[in-house]
């Protein structure tokens, strides 16, 4: 079929250019630099040596978060043997668009003289909003076209911004590390989309739905950068001073404890006590997710470690036992296992937050914390279902089953080795045209 | 030919050791630590808790730039299937020498009590100077020996320092992100060298002048780190405070817009609407180059995005249509396509700067901006031509045509896979000696 | 042998879970957040805008060190063709445990109201303590089980903390960049362990004890991140202000000079003047090790460069000539050559420190510097020997000779290429069960 609908020639460029032009116009109307004069922090003077606060104080934290988004998420998904270009490449595309769209969607709730005034703080939040999309991307990785993913980005960021506003401003719930509003939200949104895009033909594992030795090493680049910089993610928007230090400390130790439990359980459940790269790449990070809501609460390093320890166990067991069940019984084909890394640990984080607030570890209401968790899950499931239905429309260039998990359908792909270059390329094209 | 002149046994070690010893002596004579007492910023006191400014304030920005130089440029060039060792290894060698040489060449214009007093600011500038060499390296990648490249480094850094002094101190032109003095300069210098080193036999593509699947993923490590930290590059030496925040913000949004246009145009011009890794690895960065001169000007996030958007288009079209013409018609074989990533976007940045200054977005003279652009191009073309002629002298160990783009001529190279280790090694040696 | 003792099913999970639970209990008893009220820096107030010092001032430095530990060390060791999972994976496991254990072992010497109060400064020191273990890990890489390595971690961190206390508090020696207490200590500790675990059968090189093309590129990710962030390692705990700037500057230039000498000597000693990746990956870093003790001393950039220059030569020559002798004559099989990267350069750093203090470059006593070096070597050799004897006990799951340097004994390993996936996996299992 020469004119197969996966041909992106016109659909994708037109959509991408149109979105960017609309975005630029919206920026022209709404977005300006932060002049340091807004908000309740008192007037800043405009001399070169600010007495109180350099506008770039948060910049190193921002860069850590930036690395998590673009290297962390991007390379974590390169574990698939023939889908590395899409993993890191579409990650870049989606995040670059999402951060622009997120800045507007989040900023519209807080206009200042009719403008969104961009500060490093707002750039961190824009990066945060992209994380929801990248988490959902993990659930549908390998089974969606760039056009579908751009549509998901627009809708998910928009719905995310509504839920975030509700949780933070109306419910006034605590979620400094975003266990609920990013991780649980992004995971269940993605799972709902995946449910809508269910492919019965992929029930028996696809030949390309797996890793090779080197692709697992590329993925570890993503894992380790996420692991290292997670303390920045959970503390970037915390109150500066002691709260921020607590957020860093709690996340650091939660992650460390999580590594031990994830490794232990991986060995416990695998054949002959071996370690499984899927668990190591993912479950070692669950401690960062699960401690998110409580990160800036006075739970003690000890409390943070218990949360991380449990998260590592839950996440590893999820990969081993739950993911296959979700796929076979519920029709949810979760490529990266985001349910185990972001979904369950996100809920665990939300529950830990309810408990911690009830115990007085932070000002707030346990009921509002519970409402925030429920709201995040509700918006995710309903929003993801609707988004999935829209993405299912037959003209977005969705790949046929046999071309899933294969870069060559949307990318010019060279061969693996010089000797087999031509052959592999032909192989790729052949499949795409088959 | 057993005693082929590519044997580096004596030439390379003698040159490298001699250069380093000379450099150490020059450091002994000229270089000292910054004691915080120089310059017009008013006297610093020497108590441990400085009231005004910690000497390490710029250190996180420095480290971001450092990552761009050593990881960014180094891995970006690993896209070649058999030239990864040279890409990342010679990148390290050249940059390590260039930063020492650059510190002296830049510092000699600004002696303080007869000394170059090293501060983080000066270290950032030294790193900057290496970027010009690494850009030019991209133009001649795969076709030059380490000895030739060290010679290019000495000459290029020296010429760069003269032009930089002229642009910044005499013309007093704005170029905070160095679109003109680094990117355009480095690109056209490299293209002039490449023209001098033209190899007619490589007119028909060399079998090793291409990527394999994994090498493209290694290159993406470079791309993404460059992309993420470009806001630091463009803002590192900006006036602290609002100007620096503007530089960060403008670069962040220019790059984001550039990604969308580069992806769209790549899909538009490629076979069946597929994306091309060469474009994604390079053209997505053009927005960082093009917004450089204007980065700290009040052009609005909106203005920055337009610059990035255009740069993404120009750069991608350059890769697709211009690079082949340069190679076949003008004898300029630009291995990495630096003309598309640094050359044209650098000129675009220079022109944007002229327009922005003319519109009053920053203090300055549009004429001086124009003179700065002309000066940068002039020094680059003349300097590159002379440098290329010197590099062409027949005793620098230049590789023969058939060994271009092949690590095994200058490196001990293991096999690709364990099973074929011996075989591949033999293959490599065979070619080198053939 | 179907029930071969390398089966980790129960041993490893039980040990890991037990260690983590004990650690969490110890944290519950001893560890609390830093409230900023301790120490002699004068009382901090608790308003949001601290006058003097944000508790996160050192956070960017901490993150640089963090990257060195987890990416730097982890990927540096991925050079082995079939041991990448273990290199980066066990590196993560050991470091995650070591930082928790290190925080307690170091903190017990400095209790504050009976508590270890965690600050960024203490987190940096905890990360530092892990470096000793990771250096020793390099010496025994490929020849030890995860259980053996966890035991080594506990013992080594404990012994390290005693020596560190002795050197810093009793001898009051200078060692800001830890040439002696981390690098020399970690190297000779590891070499002593390696001596105890000597395997005569590996005298003739093992087929998997080598690199392939891509694994050398992965290793360069580690090398370059270590190289870039070493100035942070050597300056992180320096006195803020001029001392810290000196530490950064000295390390930056020492490393740059070291690159030139390492490349030159590598070419000088190799076949046909080619460069050897083993030297480039390792010896280029020796300048960072060797300048460690003197980093915050007034030795001049010139002095730092001489140290780096010599270190690059010594380290490269060590790899070429000394490592084979150690293996064949002394029964010390040093997989990564830590003797050349950390051992000799560490001693060189210690000696440079003695000389510099004797010349009055820093307050202190040359005799105490010498005692610190002797103490570090003594604790390392004795501690490493005892630890090696314990690790040699036959029930820790040590791999048989033929399975050394092979991930598949402790990891579920996919095939290298999709076409040969099944085959390779079978190959791996076959060997493990043979």
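Observations on the structure shown:
To keep things simple, chains are lettered A, B and C as they appear, and every chain counts its residues starting from 1.
The working rule: a residue touches a chain if its C-beta (ideal position, glycine included) is under 8 Å from a C-beta of that chain, and two chains touch if they have at least 3 such contacts.
The chain list, named the UniProt way, goes like this: A, B, C = Ammonium transporter Rh type A.
Given the structure is predicted, the values throughout are model-derived calculations rather than measurements.
Chain-to-chain contact here is organised exhaustively, every possible pair of chains being in touch. Seen as a C-alpha superposition, subunit A sits on subunit B after a turn of 120°, to the nearest 5. Computed from the mean C-alpha positions, the centre of subunit B lies at a distance of 32 Å from the centre of subunit C. For subunit B, residues that reach two or more other chains under the stated contact definition are 60, 82, 214, 221, 416. Within the complex, the subunit B residues that touch subunit A are 52-53, 60-61, 64, 81-82, 207-208, 210-214, 216-217, 220-221, 224-225, 227-229, 232, 239-242, 244-246, 248-249, 252-253, 255-257, 259-261, 263-265, 267-268, 270-277, 280, 284, 298, 300-302, 305-306, 309, 416. Looking at the complex, you find that subunit A touches subunit B at residues 7-14, 16-17, 19-21, 23-24, 27-28, 31-36, 46, 48-50, 54-56, 59-60, 63, 66-67, 70-71, 74-75, 78, 82, 84-85, 88-89, 92-93, 96-97, 99-100, 118-120, 123, 146, 214, 218, 221, 410-418, 421, 424, 432.
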